[in-house]
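Here come two complexes built around chain A, the first alongside chain B, the second alongside chain C.
For the complex of A and B:
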């Protein structure tokens, strides 16, 4: 038995297809990106080694810092919106009939492609015939904004579909965590005279803090590398007003053929994401495990 | 009385959120059945007075049919490869005895944290050097690689709980490892495999960046990138755009309708441990 189950050849045969795929297509590129960042390269022609020039340029590049600022703003938005999702989940988990159906309805936008979401919301935001401005018109707003063309509001306009897209996902996670709390704890609190609001805020919320912390990491990291929807909806425009780190990198490499500089930005994106992940994990680390 | 009022208020909140979540989609479906004149003049929430099902036929024959077909086979092939390779690797890591299994598992799980956009430029140049740019196989293997970590994570819990007796009995009876894996283990894991199939389907069907970067010929484009270009052509015909978007989201919506519990299970198990 043990001999058969520890046959090296068979183990290799079973692990290698998957392992080679992730080694070649995930890990090798991550090593290469830092290396490409040291080159002057248009993607097709020969590479010229230029040392840290790309990285020095990136640090002095105000467009890059602007895109990084937008990415961090997005991370802040996403983290704050977790409170909203949490509130909905607390309501949903408080003996609501149809809670199961509701959380599935909430999840629907999460299942759509970013292209479908982007195209749908481009229509919602359409200045003359879109759903939003039509509704605003009913309420007597005479001069509704051109949501995606106005540099001062475009970032907020893009944030709404992101909120819409992920609401069901986070509600699903919180709801599952809340349903895991033993009923006896809630019952004991109720007998002691706690109101439903007190039970939600003083008992349920502290008990799922571990899950909340995980979602904070997910939201922050997800926001820092966010790309698809913004790239499709605005292409980072107008005039860079909705550019984020990943879209800036993509445009540099695949629209202007500046692969070396794009790689340097991509490498910085990787480092920033990893560093922020570690920091957020440290900040939200459990000081004491809650036992029940 | 007060309690009744409180509950009514809570339901109102939940209903409002539900409305916010599906209203844009209902609006989309409604205008996919209208023509421009009706969309621009009538109320956005009115039912179409004369449903324009022709919108669907026009876009299907105008190119969406081909993109749809590409999405189907690329998604399908990548699912088969991902679930097979992930099951094999998970089997070897959790059921067989070797020293480095924890380390290798750790490497797979690190794959979950990588921002894919950082890998995009090197992947592009790697595929370029082996002539896989503008070849759908580049998409299939990329989907497979990038979905392996999440698929393995969903499979892991199930594999750990399988009783050892199954393998012992099979091996003592003279069953080979391959027979054990393909004839006994894989069939037992069908419930969890079906969860990974659904999750993979949603990811692959909706994927945009890889196709947009690696594929340039129209004939190989999948729905996401295809409709992005297609909508450029039909920019002013809202009915056609609406019909295109509805066609593109329909397969996942149908899968969700029939297997919503699997989707919920897959999405939550992919997140909580993250």
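For the complex of A and C:
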């Protein structure tokens, strides 16, 4: 085996297929998007080179910054909700009855496709026949809000299914990490008289910090480029009140045939996500990794 | 060793598949040469979702091929959204099918700019085909003095209403805005939602605004404002926006309409939760021939033309427009044959389409000669006497302006902006375009 791996050609043969796929499907389009961003192009006809005009327009475009603000808001909420998922996983990982079943229940939303989830929540939020407003009606709320029609609450109304959708994913990750902690450490702590809360916060949490950091990056990046539920449930409306960066990019490129400008926004989205990822990694960086 | 063998088999099987499919592709190419000519035709009526449309297309093609043995029509069928995407991709790589379908005005603008569609005026002027079309349908496919598409469908918006609900509360078809107000108030007093509206899709709300603009300002005011010979600050258009908001304040529309999709609004109407529904005639089958809809409901649906406002407005003026039309690719190597084919297709389409698929064609239909449900005959008669059909505003505008118009509509309905601000938004969007 060692002999095989020392042959450079063999190494190349193993690496090349995956490398080519990634290059063709990801890196080439990335560069092309940046390039299209320099053009005045409707997606069909001839392209005209206009330099950085699209990028300059994007930076001055208040709709873009509004959508960026919404994306960052989503990132903030996703990150905060990680604490909740962590709490749930801590409970599930301790030996309680029915933990197995509960874990599966939490995972269900992740198994549904985004379109199904969107349709489900559209029904839940329906102002006159929806489950939510019907229940509010039982409790005597006379004038329940129009969840997806009111510009001041629509964004938060959509955040809820988004957070719900990914809960199972993060709970699963935390659960697996917690299960990896050697039982002996916990036992030692218990013998030393640590309370369950102390065990959770002082022993378990530091030990899975590496995983927590990864999930923070995942949540932030995932939120910044989030698209599907918003596109299906409101299409960014009413009048841009629930627009995020990715849906704004889509509207520009495909609904208004402004491919050049849409590409520029897409490229900015990439840069913003990259910068934020670097910042998040810096902030969560830790000089020494805890070993066990 | 056994495993290795399996891998070898699998690889060779894959390779073989690739060769076979490769050959298939090659075969298609070859048939284009030689004696018979091949017209590639792409349409958007798959067998699954539009069975009737699909069959009519097949029939027309079969007949055409029989009459022209040297021509062979190759079909490619995609559903609506995939069709739009594929057309755009094909256009980018310069590989449009010889014949395909396009939407009028704003949609086809980039294709015209890119000189992808062939002008069809010679086809229209041959044998007086132009006169077969209902007024202002072909015009929607015009750009820079040429016509680039032959319309197949025509849709006008009318107010459908539930007679059963109207009878229950002793209501009559309103002919004026004041009567409409009374109907709405009566229904609200009885806790029936007057009008189903799904304004998440935004063009649904635009229909209301357009009709008010038409009734208050006459048939040209809005069109002029869009083509910049007029202005959105015209008092009539501001009044139209104000009337729209008046309807909202009256509680005329379904609750939370800005968050509802048109489909949801439609189901409210069809489940008899709402009394009225403004939609285009593409919905006619649901109220006449569609067997999936209960007979009792279909019998109780009727329609009326949008009422006049303050004694003004012409009830024979409609908001509507052609749906899809046929185009011929400018770069087609069988352009003459393709033009002949689209001509034949449009001529054959009309009567069959309305009879078998319930499509109102863009060509005039003689109601004496076809056997149709009553509501169809009424609509067709209305169309034959129509004095004006104003093209849907979002279709008239370029995609960019249309998007801003539709957003402004949502804000107008949501009472977030005043009629004056609504006008200002349009002026701004249109002047940026110039």
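Quick note on the criterion: the second predicted complex is superposed on the first by the 271 of 292 C-alpha atoms of A that agree within 3 Å, B and C clash if a C-alpha of one lies under 4 Å from a C-alpha of the other, contacts with A are read in each partner's own complex, and residues count from 1 in each chain.
Here, a contact is a pair of C-beta atoms (placed from the backbone, for glycine too) under 8 Å apart; a residue touches a chain by one contact, two chains touch by 3 or more.
Note that the coordinates shown come from a computational prediction; the quantities given were computed from them, not determined experimentally.
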**Message:** Using the superposition on chain A, tell me whether chain B and chain C clash or fit.
**Reply:** clash
**Request:** Going by the touch definition up top, name the partner, chain B or chain C, that contacts more of chain A.
**Result:** B
**Prompt:** In the superposed arrangement, does A:258 touch chain B (first), chain C (second), both or neither?
**Reply:** second
**Message:** Looking at A:239 after the superposition, I want to know if it touches chain B, chain C, both of them or none. Which is it: first, second, both, neither?
**Reply:** second
**Prompt:** Regarding the shared-chain residue A:125, is it in contact with chain B (first), chain C (second), both, or neither?
**Reply:** second
**Message:** Looking at A:180, would you say it contacts chain B, chain C, both, or neither? Reply first, second, both or neither.
**Reply:** neither
**Message:** Going by the contact rule set out at the top, does A:43 touch chain B (first), chain C (second), both, or neither?
**Reply:** both
**Asked** Which partner does A:154 reach: the first (chain B), the second (chain C), both, or neither?
**Response** second
**Asked** In the superposed arrangement, does A:195 touch chain B (first), chain C (second), both or neither?
**Response** neither
**Request:** Could you give the residue numbers on chain A that contact chain B in one complex and chain C in the other?
**Result:** 43-44, 128
**Prompt:** Which positions of chain A touch chain B when the two form their complex?
**Reply:** 1-2, 4-8, 10-11, 14-15, 17-19, 21-22, 24-30, 32-33, 36, 43-44, 88, 91-92, 94, 96, 102-116, 119-121, 123-124, 128-129, 131, 134, 164, 167-169, 172-173, 176-177, 196, 211, 214-215, 217-218, 221, 224-225, 227-228, 232, 246, 249-250, 253-254, 259, 262-263, 266-267, 269-270, 273-274, 277
**Request:** Can you check the complex and tell me which residues of chain C touch chain A?
**Result:** 88, 91-92, 109-111, 113-114, 116, 193, 199-200, 202, 254-261, 264, 268, 273, 399-400, 402-403, 407-408, 410-411, 414, 416
**Asked** Can you list the residues on chain A that touch chain C in the complex?
**Response** 42-46, 122, 125-128, 146-151, 154, 234-235, 237-240, 251, 255-258
**Asked** Okay, in this complex, where on chain B does chain A touch?
**Response** 6, 10-11, 13-14, 17-18, 20-22, 24-25, 27-28, 31, 39-40, 43-44, 85-86, 88-89, 91-93, 95-98, 104, 107-108, 111, 113-126, 128, 141-142, 144-146, 148-149, 152, 167-168, 171-172, 177, 181, 202, 205-209, 213, 223-225, 227-228, 231, 238, 241-242, 245, 248-249, 252-253, 256, 260, 263-264, 267-268, 271-272, 274
